[in-house]
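One chain, chain A, appears in both complexes that follow, with chain B as partner in the first and chain C in the second.
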Partner chain A sequence: MSAALRALQESFARAVLGGDPEAIASSIEPGGDEGVRRLAIYGRAVTANLVGALRGAHPVVVRLVGDAYFHEAASRFARADPPQSGDLNRFGDGFAAFLEHYPPAASMPWLADVARLDWACHEATMAGDGEPLDFDALARVPPEAQGDLRFAFRPSVSVVRSSWPILAIWEANQSDRDGTPDRVEGEDTVLVWRETGRVRAVALAPREAAFVEALAAGRGLEEATGEPDWDLPAFLEQLASHGVLAAFRTEIPVGPSPISA
Partner chain B sequence: MNSKRNLIRSALAGVIALGVGSAAAQAHDGAAPAGKEKCYGIAKKGQNDCGTATHACAGLAKRDNQPDEWKLVAKGTCEKLGGKLKAPAAPKK
Partner chain C sequence: MGAARFPLRAPDPRQAGIGLRTPHFAALAGSRPAVSFLEVHSENYFADGGPALAWLERFRADYAVSLHGVALSLGSVDGLDPVHLDRLARLVSRIEPALVSEHLCWSRLGGRNLGELLPLPYSEESLGVVCARVDEAQERLGRRILVENVSAYVRFRESTIPEGEFVAQVARRTGCGVLLDVNNAYVNAENHGTDARAFLAAIEPASVGEIHLAGPERTGDGLVDSHGARVLPDVWALYEETIARLGPVPTLVEWDTNIPPLEVLVAEADKATAVLRRAGDRARGAA
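Up next is the complex of A and B:
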């Protein structure tokens, strides 16, 4: 790319996203106010698209703060941290972190975590299906290798940890609810995943959360289980039956299936 | 250690038992075997209406007929939450 083209593109980006239409005024024909005015229209359309993408990905945040508030916050974020991808669905990764340090949101300390939950749900809608758990292969794992099993999660799975009751807030602000949370206390760790086309979000008990995070970090089943004083069988069965678990691997190779070889 | 082994063994046995007869369902988007879902009670309002209709997302066609109906707030919602949560700086009205 020639240096001149790069400079032109950079000043165009500055004009459109940086709110500085003068940056490129001299390159626009017929130039002058007319060009700048048209570019400003384009800039507002771009911002509106970006805000719209953020709005679509953060429905609960929108409902919590209101449209005008959201528009202002989202516009500022879009200018400060414009998209790095041509896919608008991917835009918004940093919005929660932005809200965490957004002074007008200081009175809503849970807002950034609610945004993280919104974003996890948004990502879950877009994630690939991944490999389902191979029950037959699991059945062939020899007992001595069971403690070493390392489960992977489906691509839609994520965990959002908060010091706030974010799941109660999130649930209360779904379209069929009036916004009043069932609980106002709690430190929610939320498991998010997609199951048969729908996004699910459930709170995990502390042991469950630690287990899921240990598996996600690549720990073996035995290590992830910790003290055997909790109901691992029930929880693992939930994870498996709801399509959270994906492939697994083990240190000891699993023999071929007697049927499909 | 033995009790842990047993716990893991029984957990895996349960998971493997799930797979019997439901492998086909699992292969498609991790579908839960029919009749499994009701056991958990975790599903309560757990699904997201992800209003992605505001931007073009062809890949989400199956969700697209959700109207984008997140209403203007309810400015009270925030304050209501602010009053109830242990937010340090929440304005008390």
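Up next is the complex of A and C:
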């Protein structure tokens, strides 16, 4: 079934992705050099579309390396590892890992982590809203059950860890800044999420990061807190009020609201 | 089927619509131009949530919407990507569009998508593949789709069926409609030395659910369908002839590169509206 069509599509893909028009050349009109030039229109369009998708998802990397550098790196990545989805907004998951091993980027060891932060922000724009935290229900959790509270995060939430000051770099390369980071040292752990339509990225202190990651791993509040010598309630209040936390569950059932019941 | 979330809206065939692109969101929300419908690329709204989808839902409250897919890949030997089709189905039930369309081309092979509208040979083999995919899509979406003729820069020696006949056969065999792109018909005729009028004449009038207009780019290697300029005078002439034959059909002006201010796009759509109105007046005069 469709053997001839399959062979033709495979040859065509080799021409547009690999720049190898040999196999398809005998099947197309116009023939000769003109046909090869016409095929090249497809090659350029494929590259432009895939690079354009990566460009849109990695605005800070683009600004750091410039258009020509980005185009070269992104087109190499796209040709080697084309998208698995026809939704090009989902294309780019592996670009940070590619940059990590991209020889020309060896002098910018932070670049791959900046790409990870760009990608986390891009994904946050597409995530679902999820259910907001039910503050009333939370207030009714009896004290003896609080240590075992387990929180879920809103779907847009992610954490990016780096040994480089990626948040300072990322902030300095937003459109209203001149590119000069406020600091050039630090190991940033960045919490990314979407709050009322806008993507937010903030640095977490080591203790906050450990707490968030413990909650994300499904640990209860008490276990996630660790040493109780920090202002957990204030941090938890921030996570809750900025739309980071979603539903919670507890081992002990929470009674109905005295008003609505 | 759940309860409808939006008012039922259909494009007015006597007024053209515009392709909705991100740079125009704010201007469109502010000026609310008189266009008959908004068309978006379906894939740009496949997200689970977020600002783009929120904008589209806001516009859907006031306008008829057409979902125009670029990557379902109806011509792939590999078959449809079930995840892609599911996301499209979810968007269709979320937006309640007046029209849903895809392209007569392929982009998917071996689990990868090349992100471009690649041409098919027009053969019995391709016809079988495309019709099976159109059947599957219409079944999954629970509605009729429109399929669009694409611009092509090469032709295949394997082609045994004229393009117009191929498109007409897909519609006849599957019951789908045709999204007739008059600019693509012109581009192909210029690039391959074929006859755009013969192509257009092969399409059954009753099958045409929508018409596309756009401006191509002239290069040393022929016309490239860049959607980056005004509609060419020759294409306006073909469009007038087509509307004279079909009567008023929902018409869309697309502009995807070198995107101009919204008012320039709306002015281009207004030219199509003038053609549609003249045809409508003639039809009423004849009745």
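Just so it is clear, the second predicted complex is superposed on the first by the 235 of 261 C-alpha atoms of A that agree within 3 Å, B and C clash if a C-alpha of one lies under 4 Å from a C-alpha of the other, contacts with A are read in each partner's own complex, and residues count from 1 in each chain.
Criterion: a residue touches a chain if its C-beta (ideal position, glycine included) is under 8 Å from a C-beta of that chain, and two chains touch if they have at least 3 such contacts.
Quick caveat: nothing in here was measured; it's all calculated off a predicted structure.
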**Request:** Quick one: classify A:L88 as touching chain B (first), chain C (second), both or neither.
**Result:** both
**Request:** Identify the partner contact of A:A4: answer first if only chain B is touched, second if only chain C is, both if each is, neither if none is.
**Result:** second
**Message:** Quick check for you: in the superposed arrangement, does A:A53 touch first (chain B), second (chain C), both or neither?
**Reply:** both
**Message:** Between chain B and chain C, whom does A:V141 touch in the aligned arrangement: first, second, both, or neither?
**Reply:** first
**Asked** Between chain B (first) and chain C (second), which does A:L221 come into contact with in this model arrangement: first, second, both, or neither?
**Response** first
**Request:** Compare chain B and chain C by how many residues of chain A each one touches, and report the one with more.
**Result:** B
**Request:** Mind working out whether A:M126 is in touch with chain B, chain C, both or neither, as first, second, both or neither?
**Result:** both
**Message:** By the touch definition at the top of the document, which applies to A:Y102: first (chain B), second (chain C), both, or neither?
**Reply:** neither
**Prompt:** Intersection of chain A residues contacting chain B with those contacting chain C?
**Reply:** 49, 53, 88-89, 125-126, 129, 194, 197
**Asked** How about chain B: which of its residues touch chain A in the complex?
**Response** 3-16, 18-20, 22-23, 26-27, 29-33, 36-37, 40, 42-57, 59-60, 62-63, 68-78, 80-82, 84-91
**Fill in**
Contacts from chain A onto chain B in the complex sit at residues 49, 52-53, 55-57, 59, 62-69, 88-89, 106-110, 121-122, 124-126, 129, 132-133, 135-136, 138-139, 141, 143, 146-147, 149, 154, 164-165, 169, 171, 173-177, 179-181, 184-185, 194-202, 221-222, 225, 228, 232-234, 236-238, 240-245
**Item:** chain A partner contacts - residues on chain C that touch it in the complex
**Value:** 43-44, 46-52, 54, 70-73, 76-77, 81, 83-84, 87, 106-116, 118, 120-121, 123, 125-126, 128-129, 153-158, 191-192, 219, 221-222, 224
**Message:** Can you tell me which positions in chain A touch chain C when the two form their complex?
**Reply:** 2, 4-6, 8-10, 12-13, 16-17, 26-30, 34-35, 37-42, 45-46, 49-50, 53, 82-91, 125-129, 155-156, 194, 197
